[in-house]
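The following blocks contain the structures, represented as structure tokens.
Look for subunit A in each of the two complexes below; its partner is subunit B in the first and subunit C in the second.
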Partner chain A sequence: MLEHCLVLLIAVPLLAAFFTPLAHKIGEKLRNWWVLFSLVSIQFLVLVLAKNVIGGDIQVYTLGAEFPSLTSPAGFPIRIILEADAIAVFMALISVFAALVISIYSLRFIEKYKSTDKYYALLLILTAGMLGLIFSGDMFTMFVFLELLSIASCGLIAFYVHRGESLEAAFKYIVISAVAGLMILFSVGFLYAQYGLLNIAAISSALEFTFLDIVALVFLVAGFAMKCGAVPLHLWVSDAYGEAPAPISAILVIASQVSLYALFRISFTLFGALPLKEILGWLVIIFGVLSMFIGVTMAILQTDIKRLMAYHAVSQTGYMLLGVGVGLAVIGNTSALDAFGITAMEGGVFHIMNHAIYQGLLFLTAGAIIYRTGTKDLNKMGGLAKAMPFTAIFFLLGSFAISGLPPLNGFASKLLIYESVFRFSPLLSIIAILVSILTLASFVKVFYLAFLGSTPAKFQKIKEVPKSMGLAMGILALFIVLFGLFPNIVVDGLVSPAARALIEQFQYINAVL
Partner chain B sequence: MISFPFITVIILISMGFFALVFKKNLLKLVMAIHIMASGVNLFLITLGYRQGGVAPIFTNAPNLNMVLPTVQALTLTSIVINIAIVALMLSLIILIYHHCGSLDTRKRKLKQ
Partner chain C sequence: MSILTNILETGTGFWNPLLGLSFGLIIILLVYLIRSQGERKYKEKTEQTLPFFAGNLPSRKSLKIHNIYWGFFEALKEYYSWLKAVHTGIINDYIYWFVTVLVILLTILILFVIL
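Then we have the complex of A and B:
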């Protein structure tokens, strides 16, 4: 069971996706149960895998052979290899959990539209794409799963085909994804031409840092940065998150985090022995700070609730880049790494998880408002707190968490980032705190406009959202409070092994060779 | 050594990139993406070429001088992925045309 976990994690969602339309033919109830059942079983598989991998036991699965380097006439063979270390399992836990919560939420949310079977099928394919991208041990498989993820998310962004805006958002997204994918394939060509290898671990130990390798690194970083929505390439984010259905915006956040993970995998594992780590680290830090600042300033100007949250998602991505970038910049310097580098990395990695939870909750509350009122314009809302008290409470929890107020989960990870970055460079830490204050200001405005004040006449009769949507938001809100109250358990159990897996990349490499 | 295929790759990719940045018609964007993809595919195929090599079928190779099979497998996969992406983009364009009545990115007036 355990040794086949990795390949099952990709096979089960794909199989479930293709059976979903068949189950839909028989009945919608059956279809819903089928989707939930398959996601719960995937969650179970991830938990089984996580229990072993967090303990320090890296899992490798070789397709078509007993072990990775079997039957090679000369050198390391070309072969599909799946590999799971602590950071990969960490990302897989987040993405499968989010997919499960989102499909519970979607049960009622998209009920009134046609072609709901295709919605769930694409959601499962998106999950398969994310898991494949997380676990793939070679560059080309990574590219294939990245394209699978892009195509599935493009279909989901264009779910409201009757609206021109969502079609344009989907078109913009697919253009960016196609260009990013081609950049990655191009650099895979560069690496293959020199070393005749595709496996990440094998390339990493063979790298000689020629000029062509640096060109490949630039293309890889640019390609994955395009997909994760950091600042110079953030233009698709506001459209895609803003125009997709609300639960899809929540899962797109996770899909972007998975690209961010791929970026970390490239810069820590593939180019783990790069002599210019400090420059790469500073580049990541600069992109992070720019993302934080530009994201939040654009968000303040918005009046469309989902577009506003989309810009906040860009801004929060900056925190992760800042935390991990500081770790990357000091990785060659052991005393600085022990003093604050590891804490900064832990903060960045922990923030990935927290961001997935509170940003997901915020998008789901926005979806709840849109579900009942039918508008995304903040100026047309008002007084919803009386009609939808639970949604209002969930929204407050989410917005306090995103602004880093104690005792919620956003505070726990932001504090780690503030205190460690302060020892690296005080200015960066001050900018990070300032951005948090601006975030709070922006969300106070949203709360005031949407939930307080007088209720417009046409919203007098609206009710609270259906129970399944409330349940999905409640689960996320519960985790926000739990992670805020007991951050040590999560940091020691999950986040710290994940951050260490990034730093000690030789374990990942030795597990394959 | 100047290699003709690599120059073609550079020309194709820069043509595609130029069109992607400067053209305003959505159909031309699709063509740009496809030209760039062809450039990358040609790049991969060229990497595997060996002077005087034969097709990589082991029993047919007289003196084991074969072109590399891996890049050809990669290119096949990449072609299939690109067809999927181009088909998706074209179907989005049909829907956008129904909504906007124009394919020019500057005239984005939605029909009410």
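Then we have the complex of A and C:
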């Protein structure tokens, strides 16, 4: 089965998505079990793949070939090739885990609405889109799965079809996705027109540093920067995250991180051979610093809990861009790379995982508050800690983690970033620490407004959220604590191989050619 | 794994969460011990709870949590007026920003190659 693991990882969620409405016809309970079973199966497949790949092997799967490892029968790759290295498996683990937790949370969260079958079908299609984008070995397949991801996300953002704001947010999302997708398609065209190749590894080894290559690089960087919500291309994030159902906001965070992964794959692997890595690294750093600062300063202004968290998601993306950007900027300088570049990249990559967990938890706690109070306006809330003590504790944990307070997971990854980036540029490190302080200041306000003070009369009788929602939040809270207490195990076992997979582009290329 | 080997290397230093947590617990214990030595005749909801009880006290109802950020917003007033103006919520503006970024990136990279 291991041989076909890669293709199954995309086929299973796609098939599960199409069977979900059929299962729904038989009964909602069967539908729920079907969705959960499908996601558990996918998680199992990712773990099987991870066991093989994290050790340093790269697995490839050639669709339609006589046997899956036959990548270049005519001397160059001509078929769709899926490729899994440590960073790809790392992203897949996060994506599927998040989809599973969000499905558990959604069982009760969306049960009062119609079209729940479509909700789960789209969630599974979104999962397939993320996995397809992660494992794509060629540019056109990457574009196709990016479109799949975007269309499924758009449908999920518009889930509250009775609300004009949700429809507008979905419209904005599909417009920016179409523009970003078009730019990515143009760049694929530019590369194909020059080299007659679509495969990432093959293009990377054939690049001749032409003007069109630079245009393609710019289109790809701008397109994926828009999709991952880097400032100043972040304007859609608050609309989409703010208006989508809370669990969908949490999975949209992961979808954005998958685009971030694509940006890193482009920068390190596809264009890794070009002598532009230092300037490209600085551009990624500038995106990161702008995202960190503008994201958090916008968040402090907000009184809508979902929009506030959306701006924090933008701000946290900045840390990942900063960490990995520093690694990219010094990749040509072996001594600097060994001294702090690899640690900065480990910090950035570790932050992807940590951010997925604590930002997911924060969105789910926001969903719990909205589920019980029916409002997103912080000024209308108050005193909820008495009625919802578990939600309050989960929120506190998420807030402390996102603010980088020890001993939680956010601190571990931020510490790696602070210390390594300081050796690259002390100013960047100081900005990163300042942003963490502002993040804490913002969450102090949210905790006070939502959970402390007197309870408004209309919220006197509210109760804690149902158990399945509490379980989903509890799982994420548990990982926040575990990854905070034992960060070295995660860094050594998952993060370090993932960061090194990005740096060692030749291994990725050699696996195909 | 022992408490001393659970170390995250940061390149320039290290972080041991379990050791940090142990120190935190010791500090909490110390704080509790110091607190337990305090005045036992303390009465809640009396003038004992006020730091000062002379003068005109401001009404607590007029103070909101947002007020604690007043100084921050006042100091960054011009930055915030620009920031709010940028976040229009209009899709055309989103695309203008995208085109602007495209032009800037292209200019920087081409200049870098030429120079």
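The definition used in the following text is that the second predicted complex is superposed on the first by the 502 of 513 C-alpha atoms of A that agree within 3 Å, B and C clash if a C-alpha of one lies under 4 Å from a C-alpha of the other, contacts with A are read in each partner's own complex, and residues count from 1 in each chain.
Rule of thumb we're sticking to: a residue touches a chain if its C-beta (ideal position, glycine included) is under 8 Å from a C-beta of that chain, and two chains touch if they have at least 3 such contacts.
Remember, predicted model here, so these are calculated numbers, not experimental data.
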Q) Given the superposition on subunit A, are subunit B and subunit C in a clash or a fit? A) fit
Q: Return first, second, both or neither, reflecting whether A:A158 touches subunit B, subunit C, both chains, or no partner chain.
A: first
Q.
In the overlaid three-chain picture, which partner chain does A:F140 touch, first (subunit B) or second (subunit C), both, or neither?
A. first
Q.
Just to be sure I read the superposition right, which of the two partners does A:V179 touch: subunit B = first, subunit C = second, or both, or neither?
A. both
Q) Just subunit B (first), just subunit C (second), both, or neither: which does A:K118 touch? A) neither
Q: Once the structures are superposed on A, label A:Y192 by its partner contacts, choosing first (subunit B), second (subunit C), both or neither.
A: first
Q: Considering only touches as defined above, state whether A:L449 meets subunit B (first), subunit C (second), both or neither.
A: second
(Q) Rounding to a multiple of 10°, what is the angle at subunit A's Cα centre between the Cα centres of subunit B and subunit C in the superposition? (A) 120
(Q) Per the contact definition in the header, classify A:R108: touching subunit B only (first), subunit C only (second), both, or neither. (A) neither
Q.
Between subunit B and subunit C, whom does A:K380 touch in the aligned arrangement: first, second, both, or neither?
A. neither
Q) Quick one: subunit B or subunit C, who's touching more of subunit A? A) C
**Q.** Touched partner set for A:A170, first subunit B, second subunit C, both or neither
**A.** first
Q) Between subunit B and subunit C, what is the shortest CA distance in the superposition, whole Å? A) 5
Q) Of all the subunit A residues, which ones make contact with subunit B and with subunit C? A) 171, 175, 179
Q. Any idea which subunit A residues touch subunit C in the complex?
A. 171-172, 175-176, 179-180, 183, 211, 214-215, 217-219, 221-222, 225-226, 232-233, 235-236, 238-239, 276, 279, 283, 294, 297-298, 300-301, 339-340, 343, 406-407, 411-412, 415-416, 419-420, 422-423, 441, 444-445, 448-449, 484-488, 491
**Q.** Touching residues (chain side subunit B, partner subunit A) in the complex
**A.** 13, 20, 26, 29, 33, 36-37, 40, 43-44, 47, 70-71, 74, 77-78, 81-82, 84-85, 88-89, 92-93, 95-96, 99-100, 108, 110-111
Q | List of subunit A residues in touch with subunit B within their complex | A | 78, 140, 144, 147, 150-151, 154-155, 158, 161, 164-165, 167-168, 170-171, 174-175, 177-179, 181-182, 185-186, 188-189, 192-193, 198
(Q) So in the complex, the part of subunit C that touches subunit A is made up of which residues? (A) 1, 6-13, 15, 17-18, 20-21, 24, 65-66, 68-69, 72, 76, 79-80, 83-84, 86-87, 89, 91, 93-95, 97-98, 100-102, 105-106, 108-110, 112-113
